[in-house]
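First chain written, first letter: the chains are A, B, C and D, and each begins at residue 1.
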Amino acid sequence: MSEYAQIPMQFVGPLRVSGNTVQGEFEVPLATYETPLWPSVNRGARISMKCDEGIKCTVIDERMTRSVLFEAPDAGAALFALEQIKADFSELKTVVEGTSRFAKLIDLHSQIAGNLLFIRFEFTTGDASGHNMCTQAAEALMNRILEKQPDLKYGSISGNYCSDKKATAVNGILGRGKYVVAEILIPGKICRRFLKTEPHKIAELNIRKNLIGTLLAGGSRSANAHFANMLLGFYLATGQDAANIVEGSQGLTMAEVRGDDLYFSVTLPNLIMGTVGNGKGLDFVLENMARMGLTENREPGVNSRRLACLCAASVLCGELSLLAAQTNPGELMAAHRRIERGQ
Amino acid sequence: MSEYAQIPMQFVGPLRVSGNTVQGEFEVPLATYETPLWPSVNRGARISMKCDEGIKCTVIDERMTRSVLFEAPDAGAALFALEQIKADFSELKTVVEGTSRFAKLIDLHSQIAGNLLFIRFEFTTGDASGHNMCTQAAEALMNRILEKQPDLKYGSISGNYCSDKKATAVNGILGRGKYVVAEILIPGKICRRFLKTEPHKIAELNIRKNLIGTLLAGGSRSANAHFANMLLGFYLATGQDAANIVEGSQGLTMAEVRGDDLYFSVTLPNLIMGTVGNGKGLDFVLENMARMGLTENREPGVNSRRLACLCAASVLCGELSLLAAQTNPGELMAAHRRIERGQ
Amino acid sequence: MSEYAQIPMQFVGPLRVSGNTVQGEFEVPLATYETPLWPSVNRGARISMKCDEGIKCTVIDERMTRSVLFEAPDAGAALFALEQIKADFSELKTVVEGTSRFAKLIDLHSQIAGNLLFIRFEFTTGDASGHNMCTQAAEALMNRILEKQPDLKYGSISGNYCSDKKATAVNGILGRGKYVVAEILIPGKICRRFLKTEPHKIAELNIRKNLIGTLLAGGSRSANAHFANMLLGFYLATGQDAANIVEGSQGLTMAEVRGDDLYFSVTLPNLIMGTVGNGKGLDFVLENMARMGLTENREPGVNSRRLACLCAASVLCGELSLLAAQTNPGELMAAHRRIERGQ
Amino acid sequence: MSEYAQIPMQFVGPLRVSGNTVQGEFEVPLATYETPLWPSVNRGARISMKCDEGIKCTVIDERMTRSVLFEAPDAGAALFALEQIKADFSELKTVVEGTSRFAKLIDLHSQIAGNLLFIRFEFTTGDASGHNMCTQAAEALMNRILEKQPDLKYGSISGNYCSDKKATAVNGILGRGKYVVAEILIPGKICRRFLKTEPHKIAELNIRKNLIGTLLAGGSRSANAHFANMLLGFYLATGQDAANIVEGSQGLTMAEVRGDDLYFSVTLPNLIMGTVGNGKGLDFVLENMARMGLTENREPGVNSRRLACLCAASVLCGELSLLAAQTNPGELMAAHRRIERGQ
């Protein structure tokens, strides 16, 4: 039998990308069973090439996390231990440095619930997405803490306050993964010609569908049409752990009329991805990374931030194209019929 | 360049499965870059073989949805139109039957927000996951409604109240996809021997980590350790649109001590998957489906319900194994190190 | 010592209200320790008097709920019992009629989680908010069900899937309390003259603050500036159980420029309130109800729907006024300083 | 007409309270239209008197917040400004000190969404709940920032990322108000005698109803039976702004069997309350505060922390009593009938 699931893959683009992290024109690979995704992202990419600055990408933050769980006799003891752990922060940084060349402890947050103490350790992890690096660091941190705090008992190496591969609020609020904003300013005539719609129609649809519709559905820190589709395609094609699209897809689309132009942006606070680690050594992944210029030797973290920018730009392209389509009755289904019959 | 992303794939199992939808022993395929997933699910599978009934799977419900968005002059007009649309339900059923052999309209729900009317149509879709079938049906429904309700204007073919590939509450509350519960009763000695832990430790960890930890993280209708991992692997290996793991991973793990035994269950209300449609014609997918006995000619819907049961059973296996590991300090990281070095 | 907490109370208005439930001009009472609320709501009320139709109020739905919890041996047994309970719906209606003159069972929804069965019974309750009426009905329903379903065991008379006095998604999606939309169309010049701002500024602020800001905060089915303030004041002044402002305050403000006008609406899906029941016999409550014309003998339910409309209209007034103030730097704090010094 | 809403009020207790913030036996006032609340809380209070340490209260954290909203040209400019604002933190502290004797800036958090910058300022506010103090400080901070960051424009003095009187996740994760845990260890025989139930029944019900039931309902950082009821009563009786029960009621009940005992705790991360400010000068409030020993001259913050502990202890009493009642079929409704007829 097959040793590999084979997911159809294509490069789309080029996309024009700017910002202080990565500039230029790039083709990006998307692997998906839902092949109408390619022309959809391509349409957005075409728009980016018509706009002077293309898609401006800004990396706001980056960190990777693991929350450990301790049991204390009561809340008072949990608080006492927490205060000591905070006071020992610089020692804990040293503990982490002993576990990996790349992991650095940068912050911690906590929750006390009854007699339980959750500590969410926050790290930078170089070019790796960092799941294992953080677990390893968290293990060392727990061991040190358990030695020094006799009142605490091991609860769990992961207390779900991390929070990995779950749609939660904590990741967006405290940060997990790369936090990227991608923005574009589209002249009205480009919008009309290539997206077959008006700036104000996209702005209005974004409010009604993405903001209000998702709110009514009981969404969680999320207002977008289909981030998950582009993320899945990009994650699979670049050797990422695509289960992280769960939190990756919690993000926000904004669309605003500015004069005759359309301001359109996607905010993705939780892009957990890297250029090294599991999956990155597969031939097609190396090939894809090389084609995006991400195999060059750069300072740790630079390649993965560039990757996150290209990912966010791809998300913008697909999001823009779908929203444009949905402003016109009948267009979405017609496109699906045309593309799927065509194959 | 490659035309396919190649995701490492293995069969795990056999799992023993019972319930009124599917019975027997099955191997299930999982495609993933995170290969420690295989031994983890395998450990759970081994447990299922030691338990008389294995994993009992129950399909609670199934439906697929698309919410359309109309604009009315005001809330009063939206309400008036809604009442008429509800009164026309049987006519709308007929409209849907004209769009596909398999799609059947079974219910509708609505939201009125200011002057906006969202209608969430609910369908059965045979053995397909049904995304396109529903969009097509929704388009026909919108057209009919717009003809008959002159006060309404087209808003969007999808109003995000569906809700597709987003973590929301509506899917769990109103239903979307297959709603499956998988359960197992594990004798204490099996638990101790193969999971190296005690029933009460798993029950306690489940409360503290999955229920309380996820709550503190601001999770949404979700309390589990890592459903997303097993879902991703299973979805990719069976040609599913894996972007649906976003809502698929919103589910609940329960663990309870019963006498000397451990009752362990996973509740997955949103398994959007099928045995026909995009991705299902790829050779390796056909092979995998055949190996699970899902290519036989059965009444529409039966194969896809069986598939959902096998998926839920796989989720249970991986969830059980990880929770067991996390009850023991050091076990999780040791396993990762052992497996990843071994490769 | 005092037998009463004495909360400062004033009537504000008149408000002009239209719609098919209640029409006319009304003063409404608000009890609050935060007395700047009165002039704020008053400013909105003044606007309503300048607009021909005033505030249009539409009651979309009404129902009150109680969810009971049963324990089954497993999910299969829970499903089997659920199917029988649904088949017995008309008998269950009769059971409910035996418990009260006013309670009527109108629908039920359910959740199965592992071996647990939650049934959410939905009732109309005449002019009462209906908490006790529903508990009493639910008790009778449980007893009947437990007699007929030997596999089920009592879990709880309330399983929190109701959901009472908690911010959840279920109430908005399935309904609980009065679901009211209040809308107003404000001419640009009225907006400029009395609210000291432009329609587009309010529309923009509403998107950025109420929709996007609340989303970032991890809000749940909520996008408003301060519904809770007006609700608290109105609930206390009319003898309501003000703990229900928890879910009552989950609602949506919309603001849109239409030509030179501002369309402004508040959507309140969960107004749990009545004109009879606990608190309604107190002298000042009777007085207040009389002044709003809600002590007349009308068909059961009419007075409470009118009350909900007046409440929603009051919410609109306060919401409009605060948003207008926040479009202008410095205005909010200046108003607070002026008013609080003035007292 | 009346100048006051008159809410029936009673003292319940005494409760026995311990912990490092406040110790002793206290009666606490509750104002409510739902008078069955009094005997319910009283039952819990009686339990506290039978337990040596009574109810242990721990204040984990305290802060009050206001989030301001700026508009930047794009995300890059927003990030640049944010970095400068963070670098100016000590200057911003000085700005705040100029606005009030009590307000101190202790931290800030931020969100960037597209071109919008939300900054959540966090303060201590002495014995006041601090709404106005924070708004005033935020205004001064905005003015200073707008002077120094020419790229930023005023968006709103409140951007809903605060988040005031809304059920969100941010308050629990970043803190807002007093964060209090109240715990009690109840001997099995006390549980059986006074609560008419077994420890394991309360523990099991808490999991099924509060944790699982609320999760299914789509709750947000919340797992309790009726915190809102006790909070409303306590807030009204002590002159608090009871609209803050919206976020105050987002909290967690835990119940665990320990040997023959029941460990029971309530975690309330968002108690926004004070002993000075609006409402605190009313005669009955002064009387109530005095009776709880909260009018003595103490270091700023001490009285309000004590108040929060007494509030949390009252919540524990009512929560314990209701859960105990719901373990027994028929008890809840019988109690309501008995009490309401009795009046």
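FYI, contacts are C-beta pairs under 8 Å (C-beta built on N, C-alpha and C of every residue); 3 or more make two chains touch, one makes a residue touch a chain.
All values derive from a computational prediction rather than experimental measurement.
A.B. asks: Could you compare the number of C-beta pairs in contact for B-C with that for B-D and name the larger?
C.D. replies: Of B-C and B-D, more C-beta pairs in contact link B-C.
A.B. asks: For the two copies chain A and chain C, what is the rotation angle that overlays their Cα atoms, in steps of 5 degrees?
C.D. replies: Rotation angle, to the nearest 5: 180 degrees.
A.B. asks: So, comparing C-alpha centroids, which chain is the farthest one from chain D?
C.D. replies: B
A.B. asks: Between chain B and chain D, what's the gap in Å when you average each chain's C-alpha atoms?
C.D. replies: 37
A.B. asks: Between chain A and chain B, what distance separates the C-alpha centroids? Give it in angstrom.
C.D. replies: Whole-Å distance between the two chain centres: 22.
A.B. asks: Averaging over Cα atoms per chain, report the distance between chain B and chain C in Å.
C.D. replies: Chain B and chain C have C-alpha centres separated by 34 Å.
A.B. asks: What parts of chain B, by residue number, touch at least two of the other chains?
C.D. replies: In chain B, residues 111, 113, 116, 168-170, 172-173, 212, 216, 218, 220-222, 252, 254 touch at least two other chains, as defined above.
A.B. asks: Which residues of chain A touch chain C in the complex?
C.D. replies: 169, 172-173, 207, 211-212, 215-216, 218, 220-223, 252, 254
A.B. asks: Touching chain A in the complex: which residues of chain B?
C.D. replies: The touching residues are 1-11, 29, 31, 33-35, 67, 69, 71, 111, 113, 116, 118, 132, 135-136, 139, 142, 154-171, 173, 205, 208-210, 212-214, 216-220, 222, 224-229, 231-232, 236-237, 239-243, 245-246, 249-250, 278-279, 282-285, 287-288, 291, 326-327, 329-330, 332-333, 336, 340.
A.B. asks: Which part of chain C faces chain B closely enough to touch in the complex?
C.D. replies: 19-20, 56, 58, 60, 74-76, 79, 109, 111-116, 168-170, 172-174, 179, 181, 183, 218, 221, 252, 254, 263, 265, 267
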